[in-house]
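The following blocks contain the structures, represented as structure tokens.
You will see chain A twice below: alongside chain B first, and alongside chain C after that.
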Partner chain A sequence: MTEEEIKTTIFQLLQRIAPETDPSRLMPEENIREALNIDSFDALQFIVAINEKLNVDIPEEDYGKTSNLKSLLAYLTKKLKE
Partner chain B sequence: MKEPNLTDYAKLYQQFDWQYVRSQLAGLPNGKGLNIAHEAVDRHASGDLRNKVALRFHRKKENVEDYTYGDLKTQTSKFANLLHGLKLKEGDRVFSLLGRVPDLYIAALGSLKFKAVFCPLFSVFGPEPIFQRLSKGDAKVLVTNTSFYEKKIKGLLNRLPSLDFILLTDSSDDLDMKALSLTKLMEEASGEFIIPSTDPEDPALLHFTSGTTGMPKGALHVHQAVLTHFATGKYVLDFQKGDIFWCTADPGWVTGTSYGIISPLVNGVTSIIDEEEFDALRWYSILEKQKVNVWYTAPTAIRRLMRMEIVPKEKYDLSNLRLVLSVGEPLHPGAVSWGQKAFGVPVLDNWWQTETGGIMIANYRSMEVKPGSMGKPLPGIIAAIADVEEAEIKIYDQPENQGHLVLKKGFPSLFRGYLHEEERYKKCFKGNWYISGDLAKIDKDGYFWFIGRADDIIKTSGHMVGPFEVESTLMKHPAVVEAAVIGKPEPSIGELVKAFVVLKEGFEPTDDMRQELIGFARKTMGPAVAPKEISFIESLPKTKSGKILRRLLKARELGLPEGDLSTLEKG
Partner chain C sequence: MIKFQMPNLGADMEAGTLVEWRKQLGEFLHRGDIIADVETQKGLIEIEVFEEGTLEKFLVKEGEKVPVGTVLALINDGKSEVTESTVSGEEIQKPEIHPIEDRKEIVHENTELGERIKISPLARKIAEENRIDISLLKGTGPEGSIVKKDIEKAISEVKKPIKDAEKEADKTKEISVKPSGPTSDAMRMAVAAAMSKSNREIPHYYLEKRMDMSKAMDWVKEANKDRPVQNRLLPVAVLIKAVAKALDEVPDLNATWENGLHRKNEINIGFVISLRSGGIVVPAILQSDSKTVDEIMETINDIIPRARAFKLRSSELSQSTFTITNIGEGGADKVFGLIYPPQVGIVGFGEISEQPFAEEGMLGIRPVVDVTLAADHRATDGLIGSRFLAALNRHLQNPEEL
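== the complex of A and B ==
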């Protein structure tokens, strides 16, 4: 999966949770939760959706690495290569 | 480990006297009454605690910002003085819409000094819930930041004619005659302020809570509530000299004000405040680095921590942690014993609500814990289980009866009214008893056990959502004829807000429509209130008098027996 494809998937999943937003306008280091008004329940749903869609398991202790687009992309790219 | 302040529950319960609690507080100089801010800040700032850290903020970028009791005195005096400069009157209402930043705490305590009534709003609210509360609360001043102002407030201004000033925490200049720079006002204001005479019954705090049948209610608390904040800090949170305390709640909810601001300060300890949202590793590292002694958090967070595979006390140095407490929704029994394994101390559950202003029923360090029980009433509080009928109330004198959890009137922190809603306030009382709206039972040893809500109010992530508020907002969407909202059990947050929607003719119940409505709800109400799930339905079940039968929708959703349907209107 290319980085671009991962990105598209992330945007789709985020938009499913926050349909009133446009995730593709996120800046790389912007806090996703703050920018899209996502609460902790939504954030968990997002993690579950990533797991289902990309088959990547993100343990609770790694949630801090998913806070912005840049770190999330790096994290997922690495995980998908493993 | 230090001995608890409360060593013998039965003995203290018998001897307890609110007058004695009052005598342990200072009161305003020259017998001028009792003011929360004086007890929390000024009296310590003029004594031994002057240079002690009162509030320690963990800012988003990991930097730490300290305020000593002395600093807090100066800053809150400045805030009180600037309210004077803006020509506010005693009793006027000052609101905040901020994250957990120093300005919020300074505004809260400064407003109390000035004798304005302070009302903190949860910053995750969208414009509609914010409007409801500012409008019902006759807000004169709102303290917020530029981003919230632009996104959530500006569009409401023409509907809020009595809102005189918006004070912006992060703007160095005034935007116009109404939106002023708080930074500038603070710089100009004097750091000396003499608190005016304060009657213990003068109003101090306003907290909105949700009702089943109407829009949110503003529960009003008086300065005397500080007696409960002090006593619960001493006996439930077990505050001892030199303690470091961390309450993870946001001041937008009553826990974050009573225990995130007032109680620790009144007891002269150091309070940790984290600006960030839940993050397991960040939280553990704060507990370790700050050497937290007493930690007050919520079941939602505990459940997240329980999912991790680590044993925290093996990975982090949590040796300073003496006490872990939880509130917001009943703590399941497994969490109590998990606490013992994870931290070396059990997680102690307690119960109270917005209207009671402070902890009412609790587990105490010195008392045997029965996992799953909320514990026993605070000394000074008489709690009982009752059968509540329209005309009368019958208190059960035998254990194991399920019924309404009721509290005897007359304790200092019980709310004194719902703002502008005398009828709704009166409905909460029968004789000398306050009817909490929760159902519970007492076992043979006097422990209280939570059963559920007596009404349709939804408890999600530890806070209440009123179905009516959500339904009325959904109905503002052009495609919606009617909506009914229920709490659907959800393991990680207790209940999630679920809406059943009847669409107008010409609108199709498609996935796109569902997404459109979820987006609309999030935009108007914010994620804390908006439904997480929406189902389309042909028509809503109603009683013959036209009342929506939410409990029937809930029973159907959960596949439970539908109960008594004699009042159902056959559609």
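== the complex of A and C ==
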């Protein structure tokens, strides 16, 4: 999976959780949850969706690495290569 | 004979539209069966029965809008005397008496704001089940009303491009699609009515206590370590359970005020869920005290997507005995709630954040939460409220015993 494909998937999943937003307009270092107004419950649903779609298990201690697009992409790219 | 009435699904509800009877005449009803779908300001609600008997007679037709308390149907329970029944099953809530002008005004505004869409009850149901936004459809039925055929056409059009998306897990699907619920104006009016009543009638008193969350957070972290993401806990599940246990110790707060204090046997905690389109719904986590933290988390996982899709059951909207409002991550430090009448208390959790915290002469940095209680001063005094917060704190310091 290329980085561009991962990005598209992330946008799709975020769009499902926050349908009225446009995730593709997120800035690389913008806090995703704040920008898209995602609460704790939806944040967990997003982690679950990533797990189901990309088969990547994000342990709780790594939640901090998923806060913006740049770090999330880097994290997922690394995990998918493992 | 049991008179089955239009239920009161909260202080903000004045009337409901009977959309569809889900049972046939002569059918035997069991406790918990869904007898009808009712459209309210909170969406389409499945109405349950809490008695057993044979469905004898319909008194209200599908599509009729009637005030709370109107007898909808007769259920034959084999007894000759007539008993009244609401779906809450617990006690009969008499329809509230408002000045006539008052009610007129509200009904008027609703019809003005939310443009009425002509649609057959069957079509509406299929649309709801398939999450079709009926406001986007053009009806081909009489007077341009939307009929079953129109919905089926819309479904086939929607289904094509999202074949791939269909494979997604149900839960994600549930929260991902824009619900075709009530208009945000109707929702705003519902919240306005309930909160105005609260502020007008309930003399609130407020208490606040800062609680150390380090043990509770460690416990959640430990519990989540070996779990697949789908089964992970959120701290709020622990908070809900701790509140339930504290209410068990201070039962005067698990009550309603209706010309006197009425304690409730069950602890059904209403959990405030905010909707992305604006407004809130407060479904109850039934019997929170007898559920484990895991079971509470399961209930949350089930109830939040349904609340956001406007798919709640009558028992979940009518039976809460106390309310929790939780700000969650990244939000305000404190929240001072307004009581949801006729309840007598609401507890508010601010954001859990790291703060300097002193204990036994030592200062450290710990995750803490500022907890507030708003309680009805007609029902209890500050001492009771204070005892509740102390009990809650104690339970949060012993998460393994929850």
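Worth pointing out:
Note that the second predicted complex is superposed on the first by the 82 of 82 C-alpha atoms of A that agree within 3 Å, B and C clash if a C-alpha of one lies under 4 Å from a C-alpha of the other, contacts with A are read in each partner's own complex, and residues count from 1 in each chain.
The criterion applied here is as follows: a contact is a pair of C-beta atoms (placed from the backbone, for glycine too) under 8 Å apart; a residue touches a chain by one contact, two chains touch by 3 or more.
Owing to the predicted nature of the structure, the values given are computational and were not obtained by experimental measurement.
Ranked by how many residues of chain A each touches, chain B and chain C are led by C. In the superposed model, A:V48 lies in contact with chain C only, and not with chain B.
In the superposed model, A:I6 lies in contact with neither chain B nor chain C.
In the superposition on chain A, A:I32 makes contact with neither chain B nor chain C.
Touch criterion met: A:A18 reaches chain B and chain C at once.
Judged by the touch definition given at the top, the superposed model places A:L76 against neither chain B nor chain C. When both complexes are overlaid on chain A, the residue A:I58 reaches chain C alone and has no touch with chain B.
Overlap of the chain B and chain C interfaces on chain A: residues 16, 18-20, 33, 37, 39-42, 44-45, 59-61. The residues of chain A lying in touch with chain B in their complex are 16, 18-21, 33, 37-42, 44-45, 59-61, 63-64. Interface residues of chain B, counted against chain A in their complex, comprise 124, 126, 277-282, 300, 304-305, 307-310, 461, 490, 492-493, 496, 515-516, 518-520, 522-523, 526-528, 532.
For chain C in complex with chain A, the touching residues are 165, 168-169, 171-173, 175-178, 221, 224-225, 228-230, 232, 234-236, 274, 276-277, 300, 304, 328-330.
Contact residues of chain A toward chain C in the complex are 12-13, 15-20, 33-34, 37, 39-45, 47-49, 51-53, 57-61.
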